[in-house]
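One chain, chain A, links the two complexes that follow: it is found with chain B in the first and with chain C in the second.
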Partner chain A sequence: MKLERSDRAPLWAFLTPAVVLMVVFFVIPVLYVVGISFFKWNGIGPATFNNVKNFTLLFKDKAFTRSILNNVIWALVAGFIQVPLAMVMAIILSRKPKGWKFFRTVYFFPQVISGIALATLWRAVYNAETGLLNGLLNVIGRGDLACDWLGGIKTAFPAVLIYWIFYIGYYMVIMMADITTIDESYYEAATIDGATDFQQAIHITIPLIRRTSLLTCVTLASVMGLRQFEQVYMLTNGGPANTTSTIVLYMYKRLQDSNYGMAGASALILIIIGVVFIICIRKLFEGRSETMAPGKRRAGK
Partner chain B sequence: MKKALALLLALTMIFALCACGQQAKSEEIIINFPSVWVGTDSKAPYMEQLIAQFNEENAGKIKVVVEEQTDYQAARDKLRTTITTGNTPDLCILDTTYDIKGYTESGKFMDLAPYLAEGWGKDFADGSYDAWSVDGKVCFLPFESAVFTPIYNTKIFADIGWDHFPATYDEFFQFCEDAKAKGYNAMGQMAGENAWSSMLWYSLIVEAIGGKDVYADGLKNPAFVQAAEVLKQMYDYTFDGALSAGAGDVNGHWLARDTAIYLNGPWWVANLYKEDNAVDGVLLADDCEVALNPTYTGGKGEGGLVTTVQAFLAAAEQSDPAKKEAVVKFIKYITDPQHVSELALSSGAMFFVKYEPSADTNLISQKLTGVANDAAYTIIHVNGAFPTAFSTEFPDAVQQLIGGQVDAQGFVDLLQTAIDNAA
Partner chain C sequence: MSETRVRPALQGKELILALLRWILIIFFAVYTLFPLIWLVISSLKTNFEFLAASPFTLPAVPQWQNYINALTVAGLGRMLLNSVIVGLAATVINVVVASMGAYCISRFRFRGRERIFTLFTAGILVPLNALMVPYFVIINKLGLYNTYGGMILLYCAIGIPMSTFLIRGLMDSIPMELEEAAYIDGCGFFGRFFHIILPLSRTGIVTAATFQFLTCWNEFVFANLIVSSEKLRTIQVGIRYFTNQFSTDYVSMYAAIVISIVPSIIGYVLFQEQIIAGMTSGAVKG
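Presenting the complex of A and B:
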């Protein structure tokens, strides 16, 4: 559709502020990061061109390759374990069983607590000597399993990851909001045809939220997985032996070293991984659209 | 009528703007001071009092505004960022020794040499600030010093059957075995956070093996590999979970009286005298004794001491001469020998300023001062001796060493690679 001249002015008027903000606060910083990643700079003296040495050093560093692996695992777990869990809860609670408001609040509650506070809490839970987890194991007679969860090479990463998987409230609420807009008549027709709740979820709910809230949540969760910092920083600082390190934490440590070139290079790689992830997720969710005609969606309650 | 009102409003605004401009000229000078000497820091109470006193004495002329930084690492990170982005605070506290040359050459910091030459320099220990001058410029004034020597719990030693602190590392590990047999932790180690305790122990071992010139060849000195082996051995005699432990864990065990030996800076001495840390009315300090770093069989170190400059005072270069004078006035106020004497008394910390110790100075602090005075030579701790990349890598390297991912040589290689990558 070709826009009339008279329509263009207001269009640009509305778009310009957003475009300017995007350029100033995103495009320019990203270009700056891209530029600095090819330089050697300690933040004080002049920057010297370093060609691709920063990238070569990054991929020679086991801590960095481990960070990439951890981030990819984190993003996959977020997108394909955490979000499906949230989806299941959203479908169940959308059927409004007894006490659904209570459970919705309980699941959402961790979202209003800062990540730092949660990490501090879990640090106490995992404490090797006085932690709740080891205490619990002792109480049930499995004291032999008690260990230094955050200090063990094999246990640290799962320990950091596992508790975080269950914080599903944010995605659950997004999907619940979407599910409530599905026209009730679909479920009524399915019920008349004898479809069980499970069948309704599989054949009505999931297809209808797949390309909307589910795609949004998988994208958001994966990106959050790629951006992990504060929980790892607080719980393990990337240790033991870099087994829990993430790219952002690695980047932070290079900034601590005043090694802005390598920090920039690692940031650039994170951006590339993020872009690849988003493209893959979109490809995965591509296919026949199950979106309904606008009139078919219920008004949200 | 409307025009008259609009004119009146415009005139009022112009007048207000002019008044603001005039007011700005006569405004007091604000000194922005991000400080870590706040919160639970042992220097916090006296520093707060001192700054309030300064503000009161200079009311209407100078005002020091403290930006409280309770997290030391976050404070370091923020300071580095502000310096890099050209927003160096009016006055700041730094504990970096390796970046001084670059910072001084950047021109972002005020040269205090002319002021020191006017007589103020006599207040400082001989050669203390000259050691950190770059091309004659003194931008970083060493203020707080630190010595790192073990403090041990005599009651626990007695319970284990020891009446003296081990003189050699061989004897040290015999003691560790005895402590372990009695259910005590010989010492506290931590590889979490910045691995501070392990870094200090490593520094002590490095000094004992390599002696005063251990840093001359960087990490190439074999003392670093040998010291890594000793450090690894020490982890057999610390509390469970040391690999992920932080300073809170080490301090907690020491205060709980289940750890025999403690290693930290003199600023921690005040905690030994706190009623809160007493058990059955007995202060922890009453059961404490200051020891010397054991010698290492075949090592070059004897009578040496690990030290560092715990805090430099540095001020941003100022274009306004009045503000420059105000900042210098405040630094002189902080470093006034009488004020430093009181600060030392209240905190237990040690300083480069020459001051008459108070008669009320606690026994442990007196002994630490004695150790410092009697030292045959001093070396700074490893974090201070190498670029920041070393201290960033150190916790991971310790975790890999203790976890068995690398051997002692691999541990040193990791540190060397980190330094090389940042170079």
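Presenting the complex of A and C:
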């Protein structure tokens, strides 16, 4: 619509609240994080310029390097185990087997329950004396495997990581939405040629979603893996011996110590790792692009 | 989609695949539901039953008393009320602000539009957890630490990119001719917004509002960061203190967790389409 002179004032009046909120809660905070990383500040006194000392201190701290390692593992597992599982289920459910709507609803449950409630539930599941997991092991006669899952150095991180992997609903639903837009005639032709469901999934569905929803999901899942906080905060608070710490948890703890410079520096590193991940994943998915152009696949839409 | 694809009778490899398919479908369903069901069953046992019997035994008599304990000991009523107040206020303001912004971006070409558009889109991708420090500082500077206002403002703000995106998507699909006709008939800026655009983008607004409310309801990190008073705790922040409050009264604690989860599940079942649309459309189109 052409902007009339009389529309100009109301237009800016309408835009201002949203723009102000965006500036105050997105632009300024990002700049703030970048700036504060180079200062030493306890939240009360004056901030003093600290050059890159925050960063050298961070990388000397074993708790921080362990946090980075954990986040990277988390992001990789999310992107390359959780999402492929979700993809398999998306392919299966988009064939609309009996009760597919029910299963879609169920798989999506963890997405609508708060992270903190889920973590509390799993803390109860993993509990050494009263937990469901040890109870199950006893019932099937493998009580010897029962242990303090969240308290053991070896078991804590896998325990924190694994319960999350099988919650695939979110990525599955995204990929299902994508799969339903694939032109049905591809499958009809393949069926006439005698291709099995499995072959159709490998040769039609996966290549066609690879550069759209699959790429989106791998990116999303990895970024989520880098942002983990509530799960570890609630399940282990980073322990035992920092083996389950994450960058955000580390940052939160520095914030609680009123060490704003270090907290800002770890936030900046988190943002940078996130950008690197996003770029690498894009490169990885663009690298092998022997499939047809995405634009050509959706006839009659 | 044709649902009557002709398939030959299952045999050999196909049969194994079909079997595998159902094993997977059931595995993921059991994995999601079983811990939840266990939680509900445990919340109805006595502490003695819970500690002594295997996880599969049902309670002899359902202990509804646990739920009354949970509500009184943890002060869940107050927390639920706080969550509703903060969630509703943040959602209403958020949707109003986002609709106004989306109207301008979607229907008008003006200088600075591209830049504002980029700002909103980039906002969706920012890892909010990394902004804990500035949010803490800003809320303090505004004198909103430990207030409803602080939570409402912050929730409203962090949801703006997503809500604007969802509402704008719908507004973009409204034909320009409709608005131009109204303009020729002498309908002004506000008239067109209230009488034409707003009613026609209802579904987008409902999706955005549902998504925003769910996000507020489930939000923990920032509520935990900018509120310290017990009176202002939302339900998610409250959960964090359950383990201390109930110490060894496991069954009442489980009842409290069930109470905190139930509203999300009910809301999801009621607004399933909106929630799924809200949570996936950003990803699919983006």
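Methods note: the second predicted complex is superposed on the first by the 260 of 301 C-alpha atoms of A that agree within 3 Å, B and C clash if a C-alpha of one lies under 4 Å from a C-alpha of the other, contacts with A are read in each partner's own complex, and residues count from 1 in each chain.
Keep in mind that, in the parts below, contacts are C-beta pairs under 8 Å (C-beta built on N, C-alpha and C of every residue); 3 or more make two chains touch, one makes a residue touch a chain.
Note that the structure is predicted; figures quoted are calculated from it, not measured.
Chemist: In the superposed model built on chain A, check whether chain B and chain C fit or clash.
Modeler: After superposition on chain A, which the two structures share, chain B runs into chain C.
Chemist: Once the structures are superposed on A, label A:240 by its partner contacts, choosing first (chain B), second (chain C), both or neither.
Modeler: After superposing on A, A:240 lies in contact with chain B but is clear of chain C.
Chemist: Would you sort A:51 into first (chain B), second (chain C), both or neither based on which partner it touches?
Modeler: Neither partner.
Chemist: Contacts for A:199 in the overlay, against chain B (first) and chain C (second): which applies, first, second, both or neither?
Modeler: In the superposed model, A:199 contacts neither chain B nor chain C.
Chemist: Chain B or chain C: which reaches more residues on chain A?
Modeler: C
Chemist: Using the touch definition from the top, say if A:6 reaches chain B (first), chain C (second), both or neither.
Modeler: So A:6 only meets chain C here.
Chemist: Between chain B and chain C, whom does A:138 touch in the aligned arrangement: first, second, both, or neither?
Modeler: In the superposition, A:138 contacts chain C only.
Chemist: Is A:30 in contact with chain B, with chain C, with both, or with neither (first, second, both, neither)?
Modeler: In the superposition, A:30 touches chain C alone.
Chemist: Please work out whether A:255 is in contact with chain B alone, chain C alone, both, or neither, and reply first, second, both or neither.
Modeler: both
Chemist: Quick one: which of 25-33, 97-105, 151-159 or 223-231 on chain C sits on top of chain B after the fit?
Modeler: Superposition on chain A puts chain B right on top of 223-231.
Chemist: Show me the chain A residues, by the header's touch rule, that chain B contacts in one structure and chain C contacts in the other.
Modeler: 43, 129, 255, 260
Chemist: How about chain C: which of its residues touch chain A in the complex?
Modeler: Listed in rising order, the residues are 1-3, 5-7, 13-14, 17, 21-22, 24-25, 28-29, 31-33, 35-36, 38-39, 42, 50-51, 54-56, 97-98, 100-101, 103-105, 107-110, 116, 119-120, 122-123, 126-127, 129-138, 154, 156-158, 160-161, 164, 176, 179-180, 183, 188-190, 193, 214, 217-221, 225, 236, 239-240, 242-243, 250, 254, 257, 260-261, 264-265, 267-269, 272, 275-276, 279-280, 283-284, 286.
Chemist: Given the complex with chain C, which residues does chain A contribute to the contact?
Modeler: Result: residues 1-3, 6-8, 10-11, 14-15, 17-19, 21-22, 24-30, 32-33, 36, 43, 88-89, 92-93, 96-97, 103, 105-117, 120-125, 129-130, 132, 135-136, 138-139, 166-170, 173-174, 177-178, 180, 184, 187-188, 191, 196-198, 212-213, 216-217, 220, 223, 226-227, 229-230, 234, 248, 251-252, 255, 260, 263-264, 267-268, 270-271, 274 of chain A touch chain C.
Chemist: Taking the touch rule as given, give the residues of chain A at its contact with chain B in the complex, in rising order.
Modeler: Those in contact with chain B are residues 42-45, 57, 61, 63, 127-129, 148, 150-153, 156, 236-242, 253-260, 262.
Chemist: Would you mind writing out the residues of chain B in touch with chain A in their complex?
Modeler: Residue positions touching the partner: 76-77, 80-81, 83-84, 99, 102-103, 105-106, 108, 191-193, 239-245, 387-389, 392, 395-396, 399-400, 402-403, 405, 417-418, 421-422.
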